[in-house]
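The next part holds the structures, each set out as structure tokens.
In what follows, chain A forms one complex with chain B and a second complex with chain C.
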Partner chain A sequence: MDTVILHKENLNEFLKSLGDIRLVAPVAENGKTRFEVVEDVDKAVIVLDDYTASPKKVMFPQTETLFSFKNSGAGFDTAAGTHPPVTVVFGIRPCDAKAFTVLDPLFSQDKEDPYYKEKRESTILVGNACTEPTNRCFCPSVGGSPGSTEGLDVLLTDIGDEYHVEIVTDKGKELLKGSETVLLDAPKDKRKAKEEVVGRSLAKIRRQVDLKMMHEILPGVFEHDMWKEMAEKCIGCGICTYNCPTCHCFDIQDEGSTATGRRIRVWDACMYPEFTLHASGENPRPDRSARLRNRMMHKFTYYPTNMGHIGCVGCGRCIELCPVNIDLIEILTRVREVINE
Partner chain B sequence: MSSNPYIPFSAVIKDLRQETDGARPIKTFTVEFKDLKTWDRFSFRPGQCAMVGIPGVGESMISICSSPTQTGYLQFSIMQMGKVTTALHELEIGDDITVRGPYGQPFPLEQWKDKKILTIGGGIGQAPLRPIINYVLDNRNDYASLNILYGARSPKDLVFLHELKGFAESNTAKVHLTVDREAPGWNDNVGFVPQYLLDLKPSPENTIAVTCGPPIMIKYVLQNLVDLGFTDDQIYTTLENRMKCGIGKCGKCNVGSVYVCKDGPVFSYAQLKKLPADY
Partner chain C sequence: MDATKPLRNIAREILSRDDVACLIGYEKGSYGFRVAPCVLKDPDQADRLVFSPLCVHNLTNYLTLENIGPLAQKDGDADKIAIVVKACDSRALAVLMAEKGIDREKVVVIGVCSSGVVDLKKLEKRFPNAVENTEVVRRNGAFSVMYQGETVEVPAEELLSAKCMRCKNRLPVVYDELVGEPDEAPGDEFADVRESEARSVEEKFEKWHSELEKCIRCYACRNICPLCYCSDCALDRLNPQLIRRSVNYQENLLFHMTRAFHLAGRCIDCGECERVCPQDIPLMELNRKLAKDVKELYDYEPGVDPEAKALFATFRPEDPDEGIM
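This part shows the complex of A and B:
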């Protein structure tokens, strides 16, 4: 892996040197930080220490056109095709980058999802190592690290006045070709500086969860009343799914009329009763406890069974953003208590 | 377009048959693909489903109720229920629809060769069983016998009645019909499907039993088949769940770690028993 150094004052120069590429970065707007397209690097307020948003939508937009259609009288004509522009996601967290590696097998298995695939292939991920993990982070418990390069093409680590820049993949190497003037050779001791930063971050992570054998343990508590206890305060708002970097469930809806319109997919949430409601009125997951249970089991039993990896990267957003303080770690801890009872 | 699994094929309605009337009428749609080359990419087996839709309204997952031995067309028996099926019911012969698929795992009819086939259906649940019946009748020498047990609330709620009576008259299959309550002019059995199954007492020997119907009916049929001595591997059913993508990605139709759209809808009772009771 190649390593270089970028002086902080050269950050904007660096971003401009990436060339004629669509840049997506965490920008502050009206007090909120979101990953948005940056048109002008000098005007945008890029915020690298706000952990609120994940850039999941870059690969899997909240609303996405599958195709448009027109009824020509001689049948339906459909037009699809996205051809997404080459995009750099700058400032993505290691956990959120790992989330894409979690989602990759789902979207590529069996029948490949062309919308996700095209965007994934034309996107380069330039990460930002976590220096200030939040009090809800637990990535080490799920095999992550604040300085992990997993899923990333380039990783920046703030080591004081400079960024330590790791070029992880060929895609990353290709991206940085035009940035030579701002990227300096890295002396050997910079590696140690990065490790120290990551070590300090790790020391700040307080929360942890024991996932040993969890995928096998969970089915054993399927019928237990603990799900009713845990879901008692759930208001079914679905915020846990909307902010989860690995939640991928969606609905397909039609807009327009039968003459002309578009078929779209939109994020959906397993926490809503309508998600599984049959037209007959039958609902296989009729109450919040069944839905909460399915969400937990999907992430920690069903997803690893099917995809070989748990559906969680330890970002803790579901914990932080839940309006009634439902806590994934508390649930998994309770599962262990119940099994040991 | 060729590799995009979300883009449906264009099809046209060639025939419509009103199977039942009432608040939730059932119609059988016979449809043909607009482009005959579509058949190169639409090879199906009995038990598989397809997304039937109208652009601008939506799509519904419907079991294909014709058999692949009936070539050149597809049939879907559709009950008017929600938004999409209501719009489908308003269509006429010659109107366009879309078809996407086929999806799911079929009934293992190859494995069932030389066996006695028993179908046990209730209401619209007879539709997913019909391709088995048609397939077995078209390959009659490959199967030892065909018994059809079918029931509905009343005689006017029975689908495919004309063809079932035809099978009985020509003695190509044994047909056992039942309705929940006595009705004028009804000379067949009266009683619920699970009870009629016990009364008929089919021998489990070399037999495969396949059931589909309302969840409560399936539950008791499964129980009664076990009581009659059928093993879990001799019993099959076909599930339904809300589905959108059809390819195991949208997350709606899972039962435990399996997706009804791609791992189902056909399950043996042995497979079903391993799933969480979440269906």
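This part shows the complex of A and C:
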């Protein structure tokens, strides 16, 4: 792996040197940091110390047109949705980058999902290692790290006055070709500086959960009353799923009229009653406890069994944003207690 | 005043009653400043209850949620639910009762006189990354915040929830048991609404365009709202599909405007929708504008009089026409 150094004052120069490429970065807008397209590097307020935004939508937009249609009288003419330009996602956290490696097998399993694949292939992920993990973070418990390069093409680590830049993949190498003027050779001791930063970050992560054999343990508590107790306070909203970097369920809808319209896919949430509601009126997950249980089972049993990855990267957004303090760590800790009882 | 101890004593007694199925209250949360709603069934569990300025939730929402609320309870001896309410929460109860959404006889109301709850977003910004359970206590004009082993005094107005700074009455309007005595409430002159009314139409349009564009339609605002309790929300329907599933400004606008109008004359200013919004959309500005209009047009304030009929269930010949769209 190649390593170079970028002086902090050259950050904007660096971003401009990436050339004619669509840049998506965490920007402050209306009091909220969100990953948005940056048209002008000098004008945008790029926020690298905020942990709130997830760039899942870059690969998997909340609303996506699959194709549009028009009734010509003799039949339907269809047109494909738009094709994404080559995009750099700058400032993505290691956990959120890992989330894409969790999603990859799902979208390529039986049949390749062309919409996801196209964006995945044309997107380059430039990460920002975590120097100030929050009280909701628990990535080490799910095999992550504040300085992990998993899923990333390039990783920046703030080591003081400069960024330690790791070029992880060929895609990353290709991206940085035009940036030679601002990237300096890295002396050996910079590697150590990065490791120290990551070590300090790891020490700040204080929440943890023991996931050993969790995928086998969970089915054993399927019928336990704990789910009813845990879900009593759940209000059945979509905060946990919509803010999760690995949740991926979607609905498909036709919008428009019989003359013209479009077929879209749009995020759906397993916490909504409608998610499993059958046309007959039957609902196999009839209450919030069944839905909460399914969400846990899906992430920690079904998904690892079927896809080889835990469906969680330890970002803790579901924990922080839940209006009623439903806490995934607390639930999984309770599972272990129940098994040991 | 520490309400926790008297609250636990009352709860223990109520949970011992044969006619009470459960008690909805607050317990310590899983980390930091978080407090969580809880449903207790046994008198032995009463010591889990807490009450502090961190008890921000309006628990009356749970009375109408599936599988908890009296609406879902089977007839039998234990057919009552006990609930802990602050003054604002009790106004939601009053509206629910006026609308016959819940039956007064089925609820045992424990009113707690709160001197105001904190705005968690402000608190966690000022005291970030607390992991161990941490307490906040109100002492006269200040909050004492335990943070990293030290007690920090913060002037109350720096951390108070917006709704508490304009509270009209700190005595619950409905209760069977009362904990504490009410402070004097600051009162509400709709100063915030007047300020936004003064903006030009263009400014308002631009503001709400950018605010509503952020919405991700997680429906947390609707689901946390004690007065959004239709078991079959028209906005979820597929046929007719009143609101399309695509998430964009236009559909988001339709969702939020419909919801705001359905809450006109009903919203009791508990601020839960705005508190839970993961996108920080100032939803209460919409509800507050309608509350002011309702007050000015019909001299009506929802929830303040538990005997009053619902606004939409009353008609007076002298009612002005301006309220008709």
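Structural remarks
Assume the second predicted complex is superposed on the first by the 339 of 341 C-alpha atoms of A that agree within 3 Å, B and C clash if a C-alpha of one lies under 4 Å from a C-alpha of the other, contacts with A are read in each partner's own complex, and residues count from 1 in each chain.
Definition applied: contacts are C-beta pairs under 8 Å (C-beta built on N, C-alpha and C of every residue); 3 or more make two chains touch, one makes a residue touch a chain.
Given the structure is predicted, the values throughout are model-derived calculations rather than measurements.
Taken together in the superposed arrangement on chain A, chain B and chain C fit without clashing. Of the two partner chains placed by superposition, chain B and chain C are both touched by A:Asp251. Using the contact criterion defined above for the overlaid structures, shared-chain residue A:Leu106 touches chain B, although it does not reach chain C.
The partner of chain A that touches more of its residues, comparing chain B with chain C, is B. Shared-chain residue A:Arg206: touches chain C; no touch with chain B. In the overlay built on the shared chain, the residue A:Glu282 is in contact with chain B alone; chain C does not reach it.
In the superposition on chain A, contact is made by A:Thr134 with chain C only, not with chain B. With the two structures brought together on chain A, the opening angle seen from the C-alpha centre of chain A toward chain B and chain C is 90°, to the nearest 10.
When the shared chain is aligned, no partner comes close enough to touch A:Thr87: not chain B, not chain C. By the touch criterion defined above, A:Ser145 lies against neither chain B nor chain C after alignment on the C-alpha atoms of chain A. Look at A:Asn325: by the touch rule set out above, it reaches chain C but stays clear of chain B.
Once the two complexes are overlaid on the shared chain, A:Phe76 sits against chain B while remaining clear of chain C. When the two complexes are laid on top of each other via chain A, the two nearest Cα atoms from chain B and chain C are 6 angstrom apart. Within chain A, the residues touching chain B in one complex and chain C in the other are 251, 253.
For chain A in complex with chain B, the residues that touch the partner chain are 66-67, 69, 71, 75-76, 78, 80, 106-107, 109-114, 219, 222-223, 248-254, 256-261, 263, 265, 268, 270, 275-280, 282, 284-285, 290, 294, 297-298, 301-302, 305-306.
Note for the complex: chain A touches chain C at residues 29-32, 34, 62-63, 134-135, 204, 206-207, 232-233, 235-239, 241-243, 251, 253, 255, 264, 266-267, 269, 272, 274, 287-289, 319, 321, 323-325, 327, 329-330. Within the complex formed with chain A, the chain C residues making contact are 29-32, 34-39, 57, 61-62, 65-68, 128-131, 210-211, 214, 216-220, 222-224, 236, 244-248, 272, 275-276, 278-280. Residues 1, 3-8, 10, 12, 34, 54-60, 81-82, 85, 96, 98, 215, 240-242, 244-245, 247-257, 262, 276-279 of chain B are the ones touching chain A in the complex.
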